[in-house]
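Think of it as A, B, C and D in the order they're written, each chain with its own count starting at 1.
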Amino acid sequence: MLTEHTIEIRVRYCETDAMGFLHHGNFANYYEMGRTELLRAQGGNYREIEESGLFLVVVRLDCRFHSPAKYDDLLALTTRVDRVTPVKIEHAYELRRDGLLLASAKSTLACVDREGRIQRVPESLGTPPRKSSE
Amino acid sequence: MLTEHTIEIRVRYCETDAMGFLHHGNFANYYEMGRTELLRAQGGNYREIEESGLFLVVVRLDCRFHSPAKYDDLLALTTRVDRVTPVKIEHAYELRRDGLLLASAKSTLACVDREGRIQRVPESLGTPPRKSSE
Amino acid sequence: MLTEHTIEIRVRYCETDAMGFLHHGNFANYYEMGRTELLRAQGGNYREIEESGLFLVVVRLDCRFHSPAKYDDLLALTTRVDRVTPVKIEHAYELRRDGLLLASAKSTLACVDREGRIQRVPESLGTPPRKSSE
Amino acid sequence: MLTEHTIEIRVRYCETDAMGFLHHGNFANYYEMGRTELLRAQGGNYREIEESGLFLVVVRLDCRFHSPAKYDDLLALTTRVDRVTPVKIEHAYELRRDGLLLASAKSTLACVDREGRIQRVPESLGTPPRKSSE
């Protein structure tokens, strides 16, 4: 299964701040778009997962900001599945402009039902990548 | 019934844009806060209205922008019920800083159920103000 | 000169609200994207206009909301220059999903310098379309 | 000097998502508000710092999400200065509703000038708290 996917994101004017840069609060939204499109590239669809009664909730998001982006910059976001356990998915993200790394992040998602109870991660969301260290 | 209410809003950094001003896309959110707090001041609660299965949806929002606001400005937003019909509520808004009018707007809300079908506006949301022209 | 342009926009999860729909506050941001891309399609670039010291500020935005959009919907936004005067540009917008009109809007932009003083609209932003009524 | 401050934040409708909860992307904005108000409570003013040509940029933000918040929830955000070095400030955040911890985070800010060059943290932003381990 595909475990890495890159999308292009054009920085919107409304996402900039008075410093003249892409505001740091918007990166979480970009990473969420990265997950949506990685899943679509894998043949899945997050909307259908929600319609089936399962929800992926972010339980941790650790962001590092290396260099600023500006309005109208065309960015490349790479989203990678790092690890899947029965109840969690870990992703890693790299956001670049012309190859220059602007930001990186790691997130942990849990799978819950409509009442917020922990559920097994559905198989369509990926099986753990085999690692020599495991 | 109270038909006008004023709240204070502090401009957040994330709401500014590269021009250095409060981005025009955020005014709709301020007006929504104005409606929430006007309803609370009237003794109502919009969350409870939604929990009862009724939703107020914006069908028109006409905004005029007169003068810019900056990060950390303390603004005064006055929200007024202009007109209530069996199926619509019209509000008017004025956003000021130290008395100076920065923006004004008018909105029309419709009342729908969970399936989006038009419903009567609940009485708790106000009866039409009597006007000589009616 | 090209006076109409259509772009695709995918509704982001962060743009939805508790009602389950694209929140009405985000439409202003979509219309701004429409203007950015219409200008690019015309061979212009709004970032360069700002770098030259001119800014286009929204002085009026009149939005009508006809039907809701949901997370992951793929929308088509058509942006059209309606009228250009020496100091103002008027645009019209139509947002559709599979041909169904979800929202429409009209905006008026003024051209100002860094100090907010009204400036002539630069020629690169279009000359007034000839109308028989003028 | 005061190193901890608590503010109240009312969850806005526009900040919720289709899951019915406060979207995780908004927490960064809340933490930024916490820093603005902690600085004001200390007698400082972040807008004046920027006007003097210094900017505090977020270089890391590590967020943990424990329990969801809903529209209209009244939350208490506690912001604490954890550590100040000559070039960095570390903050810790706890977001609660009626005492229940909903989210916590840590951030690292760097001080830069208009060109993005690292600057010494101004004294008005706090001297390092004395710790026995130092």
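Basically, contacts are C-beta pairs under 8 Å (C-beta built on N, C-alpha and C of every residue); 3 or more make two chains touch, one makes a residue touch a chain.
All figures in this text were calculated on a predicted structure; none of them were measured in a lab.
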Chain whose Cα centroid lies at the greatest distance from that of chain A: B
Chain pair with more C-beta contacts, A-D versus A-B: A-D
Mean-CA-position distance for chain D and chain B (Å): 29
Mean-CA-position distance for chain D and chain A (Å): 23
Inter-chain centre distance, chain A versus chain B - centres from mean C-alpha coordinates, in Å: 34
In chain D, residues with contacts to at least two other chains: 13-14, 18, 25, 28-29, 32, 50, 70-71
List of chain D residues in touch with chain C within their complex: 13-14, 16-18, 20-21, 23, 25, 70-71
Contacting residues of chain C [partner chain A, same complex]: 10, 12-14, 28-29, 32-33, 36, 45-47, 50, 70-72
Residue ranges of chain A in contact with chain D within the complex: 18-19, 24-26, 28-29, 32, 50, 55, 57-66, 68, 116
